[in-house]
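Sharing a structure, written as structure tokens. Questions coming.
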Amino acid sequence: MSKLKVAMIGGGGEGSFFGKVHLRAVGLDGTREVTAGVLRHDPQAAMAAAQAWGIRGFPDLSAMLKAWKKGQVELDYAVVTTPNFAHFAAAKACLEAGLPVLCEKPMTLTVSESEELARLVKKTNLPFVLAHTYTGHPMMMTAKMMVAEGVIGDVRKVESWYNQGWLSTALEKSGQQQASWRTDPKRTGISNCGGDIGTHAFVAATWVSGQAVKKVSARLNRFVPGRMLDDDFNVIGELANGGTAIITATQIAIGYKNDCGFRIFGTTGSLEWHQERAEALIVKNGGADQTFWINGGAGIPRIVSSYQRSPGGHNEDFFEALANLHTTLERKIRKRNGEKGVLEAFPHPGAPEGLAGMKFVKAAVVSSKAKGAWTKV
Amino acid sequence: MSKLKVAMIGGGGEGSFFGKVHLRAVGLDGTREVTAGVLRHDPQAAMAAAQAWGIRGFPDLSAMLKAWKKGQVELDYAVVTTPNFAHFAAAKACLEAGLPVLCEKPMTLTVSESEELARLVKKTNLPFVLAHTYTGHPMMMTAKMMVAEGVIGDVRKVESWYNQGWLSTALEKSGQQQASWRTDPKRTGISNCGGDIGTHAFVAATWVSGQAVKKVSARLNRFVPGRMLDDDFNVIGELANGGTAIITATQIAIGYKNDCGFRIFGTTGSLEWHQERAEALIVKNGGADQTFWINGGAGIPRIVSSYQRSPGGHNEDFFEALANLHTTLERKIRKRNGEKGVLEAFPHPGAPEGLAGMKFVKAAVVSSKAKGAWTKV
Amino acid sequence: MSKLKVAMIGGGGEGSFFGKVHLRAVGLDGTREVTAGVLRHDPQAAMAAAQAWGIRGFPDLSAMLKAWKKGQVELDYAVVTTPNFAHFAAAKACLEAGLPVLCEKPMTLTVSESEELARLVKKTNLPFVLAHTYTGHPMMMTAKMMVAEGVIGDVRKVESWYNQGWLSTALEKSGQQQASWRTDPKRTGISNCGGDIGTHAFVAATWVSGQAVKKVSARLNRFVPGRMLDDDFNVIGELANGGTAIITATQIAIGYKNDCGFRIFGTTGSLEWHQERAEALIVKNGGADQTFWINGGAGIPRIVSSYQRSPGGHNEDFFEALANLHTTLERKIRKRNGEKGVLEAFPHPGAPEGLAGMKFVKAAVVSSKAKGAWTKV
Amino acid sequence: MSKLKVAMIGGGGEGSFFGKVHLRAVGLDGTREVTAGVLRHDPQAAMAAAQAWGIRGFPDLSAMLKAWKKGQVELDYAVVTTPNFAHFAAAKACLEAGLPVLCEKPMTLTVSESEELARLVKKTNLPFVLAHTYTGHPMMMTAKMMVAEGVIGDVRKVESWYNQGWLSTALEKSGQQQASWRTDPKRTGISNCGGDIGTHAFVAATWVSGQAVKKVSARLNRFVPGRMLDDDFNVIGELANGGTAIITATQIAIGYKNDCGFRIFGTTGSLEWHQERAEALIVKNGGADQTFWINGGAGIPRIVSSYQRSPGGHNEDFFEALANLHTTLERKIRKRNGEKGVLEAFPHPGAPEGLAGMKFVKAAVVSSKAKGAWTKV
């Protein structure tokens, strides 16, 4: 089995850290390798970064895709990890050229871009995975399977949240790069907190429960004086089946780092999961609480086990979760290539989920401006 | 020091259990005793119940208060633990007769009754404590003190919740007594879930944070088919200082029993507490997380320590929390009586908090009917 | 049902705190009351303390028992809560007079005293309960029942522990009363840490598992310079069925308060419990971990439920655990009195367990002096 | 910076899983790659496995080292991950040839082999790291630093443990490969449980505390009938400074997977860590408990941070811990090669620790056979 060749688009900047994160996730399994890339926007910087990474560099995406078309470089998929505003153009160009994509979230800057991209994915039928890292956690995957299999009956209510504290002060004024672009409407779009981490809570609520959010009533806050975008994001949503979702995210919760999680209440049971305790999934069905453990324990669905790497009972965490998304894309690509014995790909988020997230954030922004008026997603 | 003599109003029914709970809380410290009561509405039943309890019975409240006025029975305070609809009349009669009251929550059935009662408490200046049991937990008391002392700076956001699962099915149709009256508008008023446990979350949000809720946007649900009152209660509130409160309660969370708690995010730190893990209070100030432990640990305010009974480091829990409210009333009464050396009473909830809770639930009901329109409390 | 009349022996000293603890435990249920006592050794002090407590005082035990025999005072049982060295004489006198006893632990100062007392209990057939408070925790009771019912198969290994930190410095030199007598061989006997808290770990190991410890290899330490008795206690034991027990206790674990607990490994499953998280019992049988919750949850044995008081799902803790031991004695007494409808008494520790604990500590002291040589219990 | 070239010795068998684990750990950071190997003992199988892995195969170690000496293959270090009995010969050959080694634990089969290897490492002065994976967990590294910096004063007592349940039945009779060789004295040596996981607990006790174990009193059990080696391992040890260590390991704890951890009690504070909750380190100094979190939180030593990869506040777990040991070896090698700007290597376990572990297990086996007689390590 030959390694898939992966091109990285973006991720080579000095303040960028997610490029390296994807580099590790690509390399983790020994079945994929980053071999080429357009690591920065500036052509010279892009070439220099590629050299530093020890991969084949290209000055711009167009050049890389042309070279690929001509058979001058071997590529199996691209990772789009540019600043948010550039996701759309990069993903679109790859798809139009016929190259599968693993795209960072948020999928695009605007809803209309996401709609176009979703159409393009559908039209080209190319493998496309959205990098909602937490959905790669085995116990979150297990939760999704359990809901689908009826373990908790019909979903009535979902609570999901993401508490962070890193923007509790005006960090952007200190020149901190992450804080600067995330709180800048030009580079980030209409929502900071909602777009950055509210979407994680949204995905937890909808992807795991299998229920779309149809309409929302929202209250967004800017707690830090002078901040131009929301740093706190609160939504009450109505689910497709009439149920209720409470989706909250905040960046002003001092001392909280990545406290993302969900509770799902169904007609016959409940599920609870916390990203910072990713190894455990709690199921309540009225008897003793049941705690399912990652990796080798009873009750882990076969398809989830097929993603796991550790010796029994050891935790897999952030990098492995992200690598699982690459594995899903890899499985889709290898199957498309006609390889034999390819394992089934998990239904990780793709373009429809990315589009839904964009619409959700937009509806929340609209609703908040309209004093919480219920707004269709 | 003589024991305070306590009269119990209500609590003697067969399906009633809170009467016995108060009996234990009264008796726990050896400084108070239940000696008289009107334990049931029906006069004969009331007398029979009193005999069974081994206390002096009265056929009705009027008779008891008359006897007290005539010096025929010694009383220091009354505990009102009738069904909700009868709280008002009982508490009012006691106060008008000059007898201090510890009143079960919700304080009354309607806002106007609560307003009248609050006025009466103010006018009579009699000791009056509202039985919000969880506020008697030493670490919840500690949290309130810490916020007041500025440990987390200015409050920005409060999240509080109460998850239960006991009404996830139509238990009221099985004849279960608790379920029957709680879901019956005639006996419970305009809200079941909000009034019963949403008020706990409300108190956690406001009493601890020191911030009133000025207006609300709410979504109440009736998840169980045929149910006449809410079994799920979700509110986004605006705090007096402009901050935000997320207050949720549900009775359809299968497997959750009394999962009540709060997170408070301030400008310099955060607090977190869970009723089912009542012994620990977590404080985050940006360094290592700090966990403060009940009873004998560093950082427990002196006034809180003055309420504690256990050998160092042992947990006090439900009964002790409720007994702490009796202790607060006892301290107020003994001070009023001019006893010397009476310790300071903690600012536990009283009539103003009861009134605020009633207004809050009403505003939430109104808002929910108006599709979440922001409604003044 | 009339209240049982309880006499308190000891517990009235100023530095004493366990007298008040028993007072609360006696009074908690409204079915027992402390009405008389010999609260201190000095006759005058004893009478003064009784007056302060508002109970009938006696200058010495002999006087009280004589008065009882003559029908001058009504008594149903005595609580022995004197300093350790006086347990034996007090309990013996009561039993010889025919009065049931709830005796603080350790049962006596020496093994021979315990042997005599155990013989006396057997001979008189009087109700006798040893105040191992933690055995009154409902989930510890549940654990014992589960082992007895074969939930974890045959017991192979038991780990039990008790970590405290309050004697990590030479507190006894500061004049602190508790520290002074506990580290004084004259008042405490041959072991401080082993006798005080090692016995709790021992009871957790043996009472719950149903397995006696036959022989031990021990290492006791005196970590604080100048201390005359052990402040650290480590034992490897052999169980009656050939299994192994690891029993440790320490008073120099800074920051640990009452970290007592156990793990029991059987041929088909495991159990785990922590006193500081008394509300949960974890059972592992190879599938998902199961967490059983106190009070109202699935899987609580009927006899355990019959001891519980709280509204469903609230924790009962230290005082309720101790009160449960009083309830057990109460049930034994009421049954002996021929009362009808008395509920079954739980098999809480009595004289045999007290004797076993004394022998265990003595064997550990002997073994430790003999460099860990295996020593029969 | 060019990638280090890594040779894998062993790890290519079908039942082997640790080869793949190292493969991932080598590849995680993009600065190392497995390029060659002798993946199996049988020459043909070795070549076939290498082809399957896509690396350069050699039929035996001798051939590979010769080729390296002749400059026919580029190598920077070897990973020894053969069955235990073959560690010694492989590591020895590499060292004698001048090739740095990362060696799986246990270092060798016998103490004398370990002594020889430790001498060889000292003599050659070659970088050598022992693969005690858990020592790569950032919070375990932090704990070691804190003890060294005096955060808890002088060490008095250490408790460390490793609870597993996978050998609670006679799994070896079912033909399961892992179980078969681990319980076979010929392939595993004198101890199964002690050698396999007792050494982890030993390293936790000694490496973190900085205290050697001088002598031991042990009780080893074979709980499963017919088993030829210990499946339960209990040791009381005396530390170099006179303190006490309680070191236990078991493989019959049903439901426990990798419950390894430690508590260290010092004269001014305590530390606690659990491998299954690797992200948190608890420090108790008498005030509020402090919980330090992995990655980006306050209090993480600079040298530990230099090993971390995740975006702030995300957990790193098993693979990253193992990769950290590779990073340590990498830093040593790059420094030895004279590269500039190489970060400081953490003092991870090497040959002396491996030798100490071998001696410890042997002494425990001897002591257990001598009924727990204190035995020098």
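Here are a few things to note about the model shown:
Every chain is named by a letter (A, B, C and D) in the order it is written, and numbering of its residues begins at 1.
Definition applied: a residue touches a chain if its C-beta (ideal position, glycine included) is under 8 Å from a C-beta of that chain, and two chains touch if they have at least 3 such contacts.
Note that the coordinates shown come from a computational prediction; the quantities given were computed from them, not determined experimentally.
Shared contacts of chain A and chain B, meaning chains that touch the two of them, come down to C, D.
Taking the mean Cα position of each chain as its centre, B sits at the greatest distance from chain D. If you average the Cα atoms of chain A and of chain C, the two centres end up 55 Å apart.
Note on chain placement: the centre of chain C and the centre of chain D lie 43 Å apart, centres being C-alpha means. For this pair, chain A with chain D, the centres built from the Cα atoms lie 35 Å apart. Chain contacts: chain D has residues 286, 289, 293, 297 touching two or more partner chains. By the touch rule above, chain A contacts chain D in their complex via residues 2-3, 17-18, 20-21, 23-24, 27-30, 34, 53-54, 164, 166, 257-258, 276-279, 293, 296-297, 309-320. Chain contact summary for the complex, chain B toward chain D: residues 283, 286-293, 297-299.
Residues 152, 156-157, 159, 163, 165, 168, 217, 219, 221, 223, 232, 234, 236, 243-244, 246, 248, 250, 252-256, 263, 265-270, 284-286, 289, 371-374 of chain C are the ones that touch chain D when the two sit in their complex.
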